[in-house]
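After this come two complexes, each holding subunit A, first together with subunit B and then together with subunit C.
Moving on, here comes the complex of A and B:
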């Protein structure tokens, strides 16, 4: 009887798992292998049966093309420009918010609100703020007697502009995660440090920061993965331009696959992007783990 | 810092100024949406709104917004229900039942989170093409109908559910599904609300996927519609601002109504991390 009951239980469990498992299998797991396969073909978008097997030539073409290296430079510019600044600014604001005051709840909402907004909608707001002729930012620069800049319309300032928007949009998420992390640090530790005569900075550096490592790691990994995959703000604010200055690897993938229909080539780029994301994630975990001990 | 009251006041002033800067773009888009285009293009900038509601009328008549909103609402609602159902069943199985390969399967589910969306665009596009699902609601719902986050969260919840509940229900002759529906679901309500909110928000805000998988207004969501609208009305800043206001407002209202659940979801998401 028991054997029958366990078998029934197992059968039921598999049954309950099957809807999720089928969706993941069809749209995540198999496609992950399928993209490897597509990358080996000169894929014919309109008629799949006309696709030609070309081995690794998509990969060699990709690695030889300057556009790949430009896009990787743009990608790392974006990651390095948005992630570290975003993390330290968020931690700073979270620390400012840790001691309650009247209106704290409202202030927290104000920081968090941009994060829940749709990226196309709020990118348009910033597109208007960035407008070189009529935008508010240049009006402020003019008012301050500073030289005006081209923002999203200049090859030099387009990436900083997208970074600025991205910082605004994601900051609230990081602040809340840091606040959650900070509340898990026992306050007695800070008190002990204070009794020992530690300054606020010493207390932060020797108590708070080390204990916050898991949170910092989590935020770093999530932000890096997000930055490597960012697309919509680039599409709306700069469309990869001017002169390709904001064509990141993710944007190049979109362009090659869905504008130029170089499907096999774009699939090879997808595989490369996957490797980069996985490698960076592993490195970040390794680094912060060795720092923790 | 904590010894000086004036430093505390300085801290609060700094925080409030920063927070005002963060919400300023919202203020600015409302101002622009309520001014004439002459006022919008003027220097020095006009900092207050002037009640030009005509911008809203003009923007609203410029695209099939009602259709876009209906599509988004339908897609986000069905996706949310599907995610709740699949997560509930899978989380229940992982959290309360015994079966061979359980921990292996659970690890496999978690590992799926490692596969980035961008990488899946091309194969999923071809797959949906083969299914004849391109440009349908299906393409925007089914692939998003399961959530590792949802499964993980409900599994955690069911692990904490005392097993006496189930034993007592069994004595009463209850089946597993009956137990799940009548006892486990009501108990899991807070988790379900959090999962539902984040799924709904994610679906409502999604752009790249529907942008690639659809090409007609009949099935396109609001964000794709807004992007099209930007393409055709790119210089009508007052009309665009009006469109931004009514496409952003539903999300902000939802967020304000359910802010407690949103914040709790963030905290529980962060609570899952351990060194």
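Moving on, here comes the complex of A and C:
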């Protein structure tokens, strides 16, 4: 009787899950496996019957090509430039925003607002801020009697410019998560530390920071994955240029697949990127497990 | 009881969601309006295009209604796309889904890709057929434009639609102040651009967008025009050829101007903005961008237009704009109707009307007398039409768009990263050659 009932409940559960499961299957899982398949072909996008099976030669071509290594360097430049700075700045701001002061709500809103804006539209606004001849940033540099730079037009400054935009855009999310993490820390622990004569720094370093580890880890993982996959801001701000300086691995993937229609090659790159992201995430999880309280 | 009802509602919702997801998944295979077979009765042809706004849209609508009134059994439905990038993606996706439109606007290298995969049909049998073109009519096409319809295999795969080429826009008031006239040669141009350059006035000669391999831009097309005026080639004897002595000469001109502060880099049509803001003296762009330049200038000064200056080997220019191709996965009746329609668009009356409405160039020589009054009041159109004889499109080879993009990278590297000219050009040429090889 109960077995029947459980089975019925299970059946109903599967039934309710089926729409989203089906969507997930059709639009995420199946295409993912299809990518594995395409990666083994010299794929003809226009006429699939003209595709040729080439085994792993897309992978060997990819590993031999300087553009892959160049794009991975650009990717890690972006990750290292945006993730650690973004996390520490967000933590610092979150700590400040935890203290009550006048206009706190407004300031919180100010930091969070960029996150809810669409990347495409705000990056077009930033494109004008970055404009070397007519933009606000160079006007500020000029006003401060500092040398003006080419921002997104310069191979040297394009990546820092994209990082600056990305920090502005994602900061709000990180701050909110840190603030949520900070509220879960019982205030008694801080009080005890202060009674024992801990300075503000000691309290942060020995109480807050260790207890915040799960939050920090979550933010790190989410930000790293986000940065590894970042695409839209590169598409709108730099198109991978100038001179390839902002062609990250995910931009290269788009370029190869949907601009040059090197579909098989791009599929191989997608698989490689998947492996890299999965491996990095695994490492971060491992590190966390050994350090988390 | 209550729970039961809730469950029922949920089940109904689940079923509805399931149905919805199936419909969504099925959407990709819904037939285009044009592909349903219509043998015997009226024929519908679909046209994938980007003429979605302003006079371009109204002029195309007008031509279609004229055509439909002459051919009562043919109906033309438009499949408008916002820009060429999206148009290409939609056409490629439609071909991949085995459900293409009947006809579509194509650039030469898209056509080369489509032809290679059998996605479009050669038009030679139609041209020679009873509804085709006489030798006299063929001779009436602007020769460079007629040649543009062929791929390297010698077959004609397209008919011309919206063609344009590069012209030089300049601030005539400023030119007068500098005591100069419109430059006739690139050396004159360099002198004028440097004369206009002043740190105190925050002014310079020209702003260009070199673009990237993902999206080649006007700076690269200008570079190709200068290269050709110096006697160089983008592509010769089946190989990339822009890293020649003429290529070096061309890049040196850009480098010297940049070092002198007379040339600046930007993105998003920066030439228009800088000319309009009275910062730069020139803008080099296609004649089709005239309305945009006019808007940027906004009557702040006297805007004038001249042909591109000439180089050591004469004039050089790059033909822009698209042609129309017929997709292969369509019925014979649709192909015949499509042929009649695209042929109709190229006839002198229609191309003259199209040119006067949109600012694109007339593609037939005999259209010029039909639009004499217009050319008298729009002298820049005559300048651009005359330049067509020097204008060649990007070579119609698969992968050429990507190959050309590396020129933009070379410009950026020479100008901003101090890479030696020959080295930058050689590296770009080798990447470009690879791009062509991998597109074969």
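Keep in mind that, in the parts below, the second predicted complex is superposed on the first by the 285 of 293 C-alpha atoms of A that agree within 3 Å, B and C clash if a C-alpha of one lies under 4 Å from a C-alpha of the other, contacts with A are read in each partner's own complex, and residues count from 1 in each chain.
Everything that follows uses one rule, which is that a contact is a pair of C-beta atoms (placed from the backbone, for glycine too) under 8 Å apart; a residue touches a chain by one contact, two chains touch by 3 or more.
Values in this document were obtained by computation on a predicted structure and should not be read as measured data.
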| item | value |
| --- | --- |
| Touching partner for A:229 - first (subunit B), second (subunit C), both, neither | first |
| Contacts of A:44 with subunit B and subunit C, given as first, second, both or neither | second |
| First, second, both or neither for A:9, with subunit B first and subunit C second | first |
| Partner chain in contact with A:154 - subunit B first, subunit C second, else both or neither | second |
| First, second, both or neither for A:258, with subunit B first and subunit C second | both |
| First (subunit B), second (subunit C), both or neither touched by A:26 | both |
| Which superposed partner A:116 touches (first subunit B, second subunit C, both, neither) | first |
| First, second, both or neither for A:191, with subunit B first and subunit C second | neither |
| Residue contacts with subunit A in the superposition, subunit B compared against subunit C | B |
| Common interface residues of subunit A - those touching subunit B in one complex and subunit C in the other | 12, 16, 19-20, 23, 26, 48, 131, 133-134, 258 |
| Residue ranges of subunit B touching subunit A (in the complex, touch as defined) | 1-2, 8, 11-12, 14-16, 18-20, 22-23, 25-26, 28-29, 32, 40-41, 43-45, 85-87, 89-90, 92-94, 97-100, 102, 105, 109, 112, 114-127, 142-143, 145-146, 151, 176, 201, 204-205, 207-208, 212, 222-223, 226-227, 230, 237, 240-241, 243-244, 247-248, 251-252, 254-256, 259, 262-263, 266-267, 269-271, 273-275 |
| Residues of subunit A touching subunit B in the complex | 6, 9-10, 12-14, 16-17, 19-21, 23-24, 26-32, 34-35, 38, 48, 93, 96-97, 99, 101, 103, 107-114, 116-122, 124-126, 128-129, 131, 133-134, 136, 139, 142-143, 168, 171-173, 176-177, 180-181, 184, 200, 213-215, 217-218, 225, 228-229, 231-232, 235-236, 250, 253-254, 257-258, 263, 266-267, 270-271, 273-274, 277-278, 281, 292 |
| Residue ranges of subunit A touching subunit C (in the complex, touch as defined) | 12, 15-16, 18-20, 22-23, 26, 44-48, 50, 127, 131-134, 150, 152-156, 238-244, 255, 258-262, 265 |
| Residues of subunit C that touch subunit A when the two form their complex | 7, 10-11, 14, 17-18, 20-22, 24-25, 89, 92, 95-96, 113-114, 116-119, 207, 210-215, 264-268, 270, 273-274, 277, 279, 399, 402, 408-409, 412-413, 416-417, 435, 438-439 |
